[in-house]
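Each of the next two complexes has chain A plus one other chain: chain B in the first, chain C in the second.
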Partner chain A sequence: MLARPRPEAPRAPTIVPVLCILALGLALPLVLTSGFHIRLAMLVWIYAILCMGFNLLYGYSGQISLGQPAFYAIGAYAFGMLQVMLGWSPVLAFLGSLALVAVLSLLIGLPLLRLRTHYLAMATLAFMLIQNGVANRWIEFTGGQSGIAVPPLQWGGEPIGRTGIYYIVLALAAAVLLLHDLLIRSHLGRAMQAIRDDETAAQALGVRVTRYKLRVLVLSGVMAAVAGVCFGFTSLRVDPSLSEFHVLVSMLTIAVVGGLGTRFGPIVGAVIVVVLPQLLTQFGELETVVYGLFILLFLLFLPHGLAGVLERRDWFARRSSSPRMASRTRELEREPS
Partner chain B sequence: MKRTTEFLFGSAFIATATLASGAATAAPLDLVICHIDDRSGSAADTGIESLNGLNMVLEPLNEAGGINGQKIKLVTYDTKTDPQLAANFGTRCAEDDKGLLVIGASPSAVANSLVTVANQNKIPLYVLAAASPELTDNAVYQFRFGPKVTQDSIAVANALEQSGVKGVAIINNSVPFGITGAASAAEALGKKNIAIVTQQTYDVAATDVSPQVINVMQTSPEAILVYPYPADGARVVRTLRQMGLEQPVIMPRVGMMKAFRELAAEVGNGVLVPSSVDITRPEVADFFKKYTEKYGPLAISASPVQGFDAGTLAIAVLKDETVQQAIQAGDLQAARDAIRDATQKHGDFTGLQGTAKGGYRFSQSHHGPTDDGFFVFVKVGENGAALESVDTATALKN
Partner chain C sequence: MLMKLSYLLLAGLTNGSVYGLIGLSLSIIYGSSRVINFAQGEFVMLGAMSAVLFMVTLALPWPVAMLAMLAVVVIAALALDYGVYRPLIRRKAAPLTIMIGTLAGAIIVYGLAFLIWGPDQRYVPPVLSLEPIRIGFLITNPQQISLIVIFVVFLLATWYILYRTRFGLSVRATGVNPRVALLMGIRSERIVQFSFIFSAFISGVAGMMVGPLLGGHVGMGLLLTVKGFMAAILGGLGSPFAAAAGGLAIGMMEALMAGFGTSLYAEPAIFVLILLVLIVRPYGLLGDYEAERR
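Take a look at the complex of A and B:
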């Protein structure tokens, strides 16, 4: 009795789709009709950045961390507080907040990455709850429920307009997307996938499992912090709602709708999660029901998400037309199960 | 020469006519008000009721022809207690819908988010039930109709002091409402020299609150102050009564909510609530009668009243001469600024919330209810079906 061979992961041989997406992003403000639409586009990129980190951690490495919203919030808080309390410039505050999150995720990762599956999920979720509790209760430091105001970004003494802010968010998203793509296509990406599929086998093949897991955790934390910083200077306010359940739910919805473990799932999912609620307002009281049904349909019929369908289409076609694969499939079909 | 003169005069006439027609064709602004509030999720009741209250003002006005022949267009968005979604809807209202005014934001998290949007887009915001105390600190565009949680606490501390209570236990959940409520109560009670014999915090999802209640039992308080959400509030009161604690329970805001009263049922009887709605006022009783006829039965609740009061003030402000001038000139930002100014200069405003001793005060430095005289006390009765007027001096001595 032979198990059906697991399909080889689709290769990502070209950077062209990434460049096309970024070109689209560059052109977007030229076609969008209002500042509100640009705001939505910024949020798409911010959620895409957040979820690219989650995609690397869970989609490619199999380490389910539900604590990403905590890193997102810490990044945003640090960016605001370093400017307001210590008088740092936005660039220094940006770098400082990334460094802080990197150190924090390293410290948390050392004990937590001994855990796997739902134990790791619960432990990281607890971290998010602790962070949220501190943000809510340490009122003198974090501003409590009201949070803190983030100073607007300025250029030449004048606040940067919304389109300018959009391009800054886009530049950071581009950097994260290129890094995300590079990692997936690199040796590190293959090691991550080996860890996800079987940690013991990966170790036997010489993959330093703990080291790679820790690196990915730190990297995904830093990506979440980048998203948090972007949210901070976009919304000009940071409050405890950044690490509440709705952010986690949005993140998981993006993973489901976009496709976990895919190159462009975080972007496709973010577009759906940010734009769809705006389109569904016409349904009035049925809005939430329609949204829920939509997610359910994705889970039932598109378990790999939209990006999964698009990215695997060519690969499936090649697989069925390949004589070797076709003969192997026929062979398996003849064998008793 | 004559031709040249004719040409010049002709050109000047055409230019003047073009400019004049341009000015004349600047269409008046639509009277767009956005209601942005929770109508699903844990705080759904507040948003649904506030929208109903708002409609009770706007529908008769529109049926009567609107303001100067213009009907008010109400755009509604459900925020689902998601502050980011609320910010998106707020921006959409300000930029796409060309809203003149935003009304809503009952949960504090949503209100915080909308305050930022209101200040960024320079659009007036009438905040409804949100309890967060800092919302209207140094406020420019935001005005509140629901009292601050600190104002509830002042009312509680006054009532306890008048009843001679010296020691109180506080039980609060770990969400922002519970934390902020307990902190403000501690401050207000401290000013009255009323001791907090113990303060217990529990997780909002905790199914068993007996550890906290046992700790309360050991301190023998004269009254118990609870800051919960509806479902956990019912669990707290049930546990208190099951463990034999008979002291008066005071539950600001949540004690009035239908969800709490239905879940608590018989154990909710006697729970005291500082209420910003005084049902003994005839106009308030009349409002609830009409509300019940239109939308179905409802015990006393602040949300529909807040929606009604906000709508009433909005109409008064939209009728203001300066506001109308900006609206007729088609100048959106001037209209929004005029609405802000007209609200600020409105001064004392008697709505359905508050009492004969205190109502709203809108001025440059004060954007909401008065600190004193805004509350009466009610108690839950008839196994949660009713809220009844109560004499706190008697109730707190039981």
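Take a look at the complex of A and C:
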């Protein structure tokens, strides 16, 4: 019997890998005993949340936004400020900051999603620079360079310990991961991919392009805000470095190393981007150069990232071009590249 | 009042010339390859820091130092072409992926420069004197004037090459459609290589001239890249002249905003303005040319 061509979108893949990842996450504090390692693990989840949003937006829908760090920072700032200035409870402040970012990304998205490729990238980058500039300069409101302190999370009057915080981060990451996975496997994910591959064709087939783009943009903004909130209550301080270039570079690196438009790329990438600098410290002054080379080598030799390698099921029967590659090629041919 | 205005305009013109030169070089690369080069500001940084290396450390006279500096930036441009652009384009990477590739290139250049020059601010020797001179009631110095002159010269040179030579015709043809250009016997990859070298040339000279005014620092590239992007996007990426005009506009706006409003918020305010312009005109102020082609 002839093998049917594999559909591009994973139709009904099992949820098992997701559960495995979460089980690993649950077991991690048992293995990692030092506080430093737990901190790194939390950072991995935080970056994974941030990048799952970016993955939905760029990897699946083809709409690049370099403004994600701004939403990340705004989420974190709002979480801290709502508690400190208005005296809201942490849960309320969490919901409030998500709502704020959702409204903000809607307002940004409505006019900006008319833009394409490089123009969209630069406009969202401008948004990030505005946010960063204001956070740095409006000292009375944002605390300027030194930022603001976030009150520690408490349970029954006692501050929650480091492991407890880890599990809260994990719970939020799990929620985002399940949502990310659900979206990709549903008709929404296929609509997003249709928009990415050919906007006009998608529209002709009845995909409401503008509406989907806007929804994905808001969703990815909210995911970035979740990551920001997590960063807020893990580090207890929020400052303008949250929306500086190194966050953007880390996010892009995760996307490239993990694999854009893959189910587990953001998680694989986040593990590498957080853990790798720890290993790179042995290169001393060469660290930056090695980091740059690393991104370049991934772009060249593993264009679909590590997760792309893991998720390719026909490892042995390698076809000359996978359906995804074919669609990318078409895209390139249409645009004067 | 009038004097203040003309001072501000002169300062804006000088800064605007730098942004314009970077915008010009970005859009020359974009025009032939559809790639936004994240490493453009690093070329400027290399220009300024090479001036430190050749003129201070090795104490060469400036014409020799300039040639040596140009050799450095051209080598960097060739490395970017052979190391990032060609391999990625042969693997049929999407334009935005190549952009991330040039970002990796920028990180590598920054890392190497950091190894050579370290984190400190360096004194960049002026090529021309920094002695104040008077033009009418304006006080300026030859170094500032030379930036504006260089901007005009490169603008004219770019116009001449692109619109008055056979070679420029093939550059423009490659930008419109590399495949058809290839069928017509134009070696597209050579054209792209030329655009990388030419734009690195412009940025390197800009770096050497602006170094004494800004101060040399290995981290200076990023901000200049961003300003150059904004210049190119504001004007319209499709045409080098629109990008250069965008740079001038940003320089002027910055100076006026700092002079009449608050210098603290000048930078974020510029980005707000750019965002508003993009919302009204999605392909930049002068960007009809590209919009038509889609």
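In this section, the second predicted complex is superposed on the first by the 300 of 337 C-alpha atoms of A that agree within 3 Å, B and C clash if a C-alpha of one lies under 4 Å from a C-alpha of the other, contacts with A are read in each partner's own complex, and residues count from 1 in each chain.
Here is the rule we use: a contact is a pair of C-beta atoms (placed from the backbone, for glycine too) under 8 Å apart; a residue touches a chain by one contact, two chains touch by 3 or more.
Bear in mind the structure is a predicted one, so any value in this text is a computation, not a measurement.
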Combined model on chain A: chain C and chain B, fit or clash: clash
Touched partner set for A:L40, first chain B, second chain C, both or neither: first
First, second, both or neither for A:G161, with chain B first and chain C second: neither
First (chain B), second (chain C), both or neither touched by A:L252: second
First, second, both or neither for A:T288, with chain B first and chain C second: both
Contacts of A:S146 with chain B and chain C, given as first, second, both or neither: first
Touched partner set for A:T117, first chain B, second chain C, both or neither: second
Partner chain(s) touched by A:S235 [first = chain B, second = chain C, both, neither]: first
In the superposition, chain B vs chain C on chain A residues touched: C
Of the stretches 5-13, 23-31, 203-211 or 347-355 belonging to chain B, the one that collides with chain C: 203-211
Chain A positions touched by chain B in one structure and by chain C in the second: 133, 137, 285, 287-288
Of all residues in chain B, those that touch chain A in their complex: 39-40, 76-78, 80-85, 87-89, 91-92, 94-96, 108-109, 112-113, 116, 120, 132, 134-135, 174-176, 179-180, 183
Touching residues on chain C, where the partner in the complex is chain A: 30, 34, 36, 83-84, 87-89, 91-97, 99-101, 103-108, 110-112, 114-115, 175-179, 222, 226, 229-230, 233, 237, 264-265, 267-268, 271-272, 274-275, 278-279, 282-284, 293
Of chain A, residues touching chain B in the complex: 34-37, 39-40, 43, 133, 136-137, 139, 144-147, 149, 235-237, 239-241, 244, 246-247, 274, 277-278, 281, 284-285, 287-288
Chain C partner contacts - residues on chain A that touch it in the complex: 58, 64, 111-112, 114-119, 121-123, 125-127, 129-130, 133-134, 137, 245, 249, 252, 256, 285-293, 295-296, 299-300, 303, 325, 328-329, 331-333, 335-337
